[in-house]
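Below are two complexes that have chain A in common, paired first with chain B and then with chain C.
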Partner chain A sequence: MTAAPAPAPDTTAAAATGPLSGAATAVAAQRWSRRAGRARRATVAVLIWVASLTAAGAACEAAARLAPSGFVPPPSMVAAWIRATWLTGPPHHLYLNEDLLHHLGASVGRMLTGWTAAVILGISLGILLGRSPVARDFVNPLVQFGRSVPPVVLIPVYYLLFPDATIRHVVLIVTGAIWPVLLNTITGVRGIDPALLDTVRVLKVGPVRRLGGVLLPAAAPTILTGLRISLAIALLLTVVSEMFGATEGLGYALLDAQQHFDTTAMWAWIVPIAVLGNLGHAALNGLSRAGLARHGHPDPHQLER
Partner chain B sequence: MTSHTTAVGRPGHLAVARLAGRTASNPGLRGLSGVLIALAAWEAASRTGLLDARFAPPPTLVLPRAATLLTEPDLLDGLWLTVTTWLAGLAIATAIAISVGAVLGATPALERAARPLIETARPIPAVALLPVVTLLAGMDAGNRTGLVAFASSWPILLNTIAGVRACDPALLDMARLHGHRRTSILATVRLPAAAPLIATGLRISTAIALIATISLELVTGTDEGLGGYLALVAAGGNDPAAALGVTVLAGLLGLAINSATAAAERRVFAWHPAHIRAAS
Partner chain C sequence: MLTLDTLAHTYRSRDRRRDHLALDGVKLTMSAGEMVCLVGPSGCGKTTLLRAVAGLLRPTGGTITLDGQPVTGVPDGVAMIAQNYANTLLPWRTTTANIAFGLRPQHLPRAERRERVAAALAAVGLADAGHKHPWQLSGGMQQRVAIARAIACRPRLLLADEPFASVDAQTRADLEDLLLRVQREHHMTVLLVTHDIDEAVYLGHRVAVLGPPPSSIIADLPIDLPADRDQISTRENPQFVALRTEVARLIRTSGQEATTRNAAAPQRTGA
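Let's look at the complex of A and B:
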């Protein structure tokens, strides 16, 4: 789906400079060969991705053609619909047409607004609660209750409270997406080595540097996991929220296609939702890998915690 | 942690400071006062018009309404259907995810081939598939169960793969020396070693499954389950206390389930280093 990183073009370069290693230092040669190995592994990984997804697509195609159903069109038909309907825009719109860009833009805007607000609120509150056991004692039952409420349950209440659709969507996203950020920030801040905090206190580090230079970096791996989970929740809530009383957005378009029994369009509208989910996941995974590598943490194998 | 209390816990506000002092070394009392303060704030906001009382009535109306809801047969039927759908979906997810995860975790080649499919399918929100399933098969409790299983299987699957794969090589060598075959090593060494990680996945999936169940009931618009009951009450529009009451009940149900699974995990895997570290 989302194409994996392009294979690094180092393989040939390494082969070309390889023989020079006699003249160059041994260290450089070693670095080249390591880079060549990494490039080879990346190429293999990309090939596996392509092969695996192609095989799955072919299997779906065969199944849909062998057992035709009015509700499950073959993937090629959905692709043809997408090309004929969506890929008709001007080049400066990346060839995407007005309709797709309109709904996609509405959804992405709400999702990112709500998620950003949830991240800012969650990290600030999380640092406060992570640092203060007293505050934590006071709000612990509230936090436990709040994160247990299925956010979708609030849709009917919010529907009445917030007449403006965009505000309603964003508030719902914040209410649902804040919990993983908040809880993971608390866990991350609480897990900071007490010796580090004592050092900071002894050295009388200012509050700004303490926050930006010590607390946040030390808790970053845990916080990043929270960000990834909350972005997935934000997307889900965007789509659900747009199924109620909305006039634009991916969720609205998806439900609209279903209500008009336009099966091909319905399957097609799932594609941008899936792409968004994958993009967000990949972006935050990359960020968290880069961050973890910099701080010398091992690859966490994408565990769910 | 207690050493930090004095250094960090210096609330500026006098009343809060007095409360904090009086409730020192009693987290339960502090938590209770936190809840009471929040309820009082909600009550005040609703009474003064900061929150529109027509749509968000004060807790003194909502909480009694939530209690009377528990005696209404319609709500109890809905609750029962929600709980059964949730448990059935979770059971299906667990069975599939642990078996698939065990095979993938023990067979690196297979895992590499399947990884792109898992990574692509996992970020797709289950609600995006909802219209498709509705059109395909109609929306009843059975189909909801299937979607709940889809939504909640990922944490168990990923944690099973990781746990089974990361098995201690010394243990595997030992089992091989004793003449165990692949399948028997999987059942007697790899899976038991992965159990704590699988349990963590199961705890997360349990919460996801409940959220998915209620969401799907609400979104499909059939008046089934707790979500369906809520949709019905909300559509009536003349009983806002009941709509918020259902929300409170759903939250309490989730809280009970989350606390139970967390406690069970701590109890069963008390010997595990992660829990020993967390406790100390």
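Let's look at the complex of A and C:
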């Protein structure tokens, strides 16, 4: 937000004895150079990112060729497999083939359904617990217990409880992904200055606007951090859950390839999972930064990436 | 317009013996257009009293009456300015939007709302800062936004809780004069809490002194200084000096009495 159209500082105003356009040009030039600086930094960051990935890929390629193993194909072979198998679809499917889209769609659908449910439940419950000390006292032991249970241990339990595979996957995702949202919402709501809540009450702001206009936006930066963590958990649980009793999804396809000793395909299935994780992380990171910038955080770009 | 009658408040604790009797038998009457400053030692229940008047806290004893109506919840037409003003502004809204936020519940027509926001901004000298966010402003300017938000509501009663306690001395003097001017222009009724005796005498039409807890009002002094106050000449006025000395002495003696009383009966507890 540093690029906000700040009024010219006093020195500029004092110097503007000549034609006005001179001062305006100076300000514009300053703004341009600031923008150029940011663009340069972004370019360098992307170059470093590409260089780092290329170096790692080259190292793997060299290792796989120098010490050949049936289980670890060179990355170029996996890339060739991906091109020959998946990139065969029509243009309106982004050139992706039916098989990949089918499993990808199943996984993304489950992940987003479970994550969205976890977010809605977590935020609602979090606001309730954040605002009510009594409710917090009662529920806190349960929360502490629940979040300490690794969600994957529930897979055998859910296997018995939910015969429908999709419901089972989604419930598992919700069970694991709800905790960071819940705990961060509680922290965010409790961190709001009581003086702000007093002021808002005295202004006679109604409960709906108090929730949507004060509580949620004030806690938003903290809640967004919770959303980011919970999305990573949602992806993890999607893939793991699909390895048990599923007939579709990225986790199923990955395990299926391994069980058919198709090691190249097995490695290839890791790629869409990684891309999915990175996309989700990047999207929520952007959202987090935008949120912090709105709150006047001095430098939201310093966030861990 | 505002009457506090034998107001008392006890903060209950789980251990009954640790109950804290903050206020006991507070009596205070304010008429419309009056600025009353409430001073007292720290921890004497100044903020408790203010929150009770704002309807944010239900006192355990006594009554509060505002314009003939007993205060049981947050009353209409009250505005509050807090000490930690920076935390009471919404950082994601611009200055204009922050002030307008307080007007929405009053269901005014849009044009009237806009006009009131502009007038309030002009009154605090921030006419050009409407598009900025609170974090782009200095501490003194943020407090002016908080004042503007309060006066835009045209409150019948303005409550201020140590409003200038966390700004530097020069800004503080400016804001004191700003409040005096706004109070007179809008003929506002103001109840201002402060721990600064000079500030209380400088601003108030009356100064009410709260004793140490369990607090009651131990003195209610009219301030007969000229209505036009000036940071330099008013403060060197012998009458001002005499008044501030009197208030300071009242606070000190009440504190000493409380200490000897407590020393004589160390087991003494509030309730």
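Operating definition for what follows: the second predicted complex is superposed on the first by the 273 of 305 C-alpha atoms of A that agree within 3 Å, B and C clash if a C-alpha of one lies under 4 Å from a C-alpha of the other, contacts with A are read in each partner's own complex, and residues count from 1 in each chain.
Note that a residue touches a chain if its C-beta (ideal position, glycine included) is under 8 Å from a C-beta of that chain, and two chains touch if they have at least 3 such contacts.
All values derive from a computational prediction rather than experimental measurement.
Once both complexes are superposed on chain A, the partners chain B and chain C fit side by side without clashing. Contacts of A:213 after superposition on the shared chain: chain C is touched, whereas chain B is not.
Number of chain A residues touched is higher for B, counting chain B against chain C. Looking at the shared chain after the overlay, A:193 reaches chain C, while chain B stays out of its contact range. Once chain A of one complex is fitted onto chain A of the other, the partner contacts of A:92 are absent, as it touches neither chain B nor chain C. In the superposed pair of complexes, A:203 makes contact with chain C only, with no contact to chain B. When both complexes are overlaid on chain A, the residue A:52 reaches chain B alone and has no touch with chain C. Contacts of A:140 after superposition: chain B is touched, whereas chain C is not reached. Taking the two complexes aligned on chain A, the least Cα distance separating chain B from chain C is 5 Å. Common to the chain B and chain C contact sets on chain A are residues 1, 201.
Against chain A, in their complex, chain C makes its touches with residues 51, 54-56, 74, 76, 78-80, 82-84, 87-88, 90-92, 101-102, 104-106, 128, 132-136, 153, 159. Those residues of chain A lying in contact with chain C across their complex are 1, 4, 6-7, 193, 195-196, 198-199, 201-206, 209, 213-214, 217-218, 294-296.
Note for the complex: chain B touches chain A at residues 1-2, 4-5, 7-9, 11, 20, 23, 27, 30-35, 37-38, 51-52, 54-56, 112-117, 119-120, 122-129, 131-132, 134-136, 154-155, 158-159, 162, 165-166, 197, 200-201, 204, 207, 210-211, 214-215, 218-219, 227, 230-231, 233-234, 237, 240, 243-244, 246-247, 250-255, 257-259.
Taken in their complex, chain A has these residues touching chain B: 1, 48-49, 51-53, 56, 69, 71-72, 131-135, 137-142, 144-157, 159-161, 194, 201, 232, 235-236, 239-240, 243, 251, 254-255, 257-258, 261, 263, 266-267, 270, 273-274, 277-278, 280-281, 301-305.
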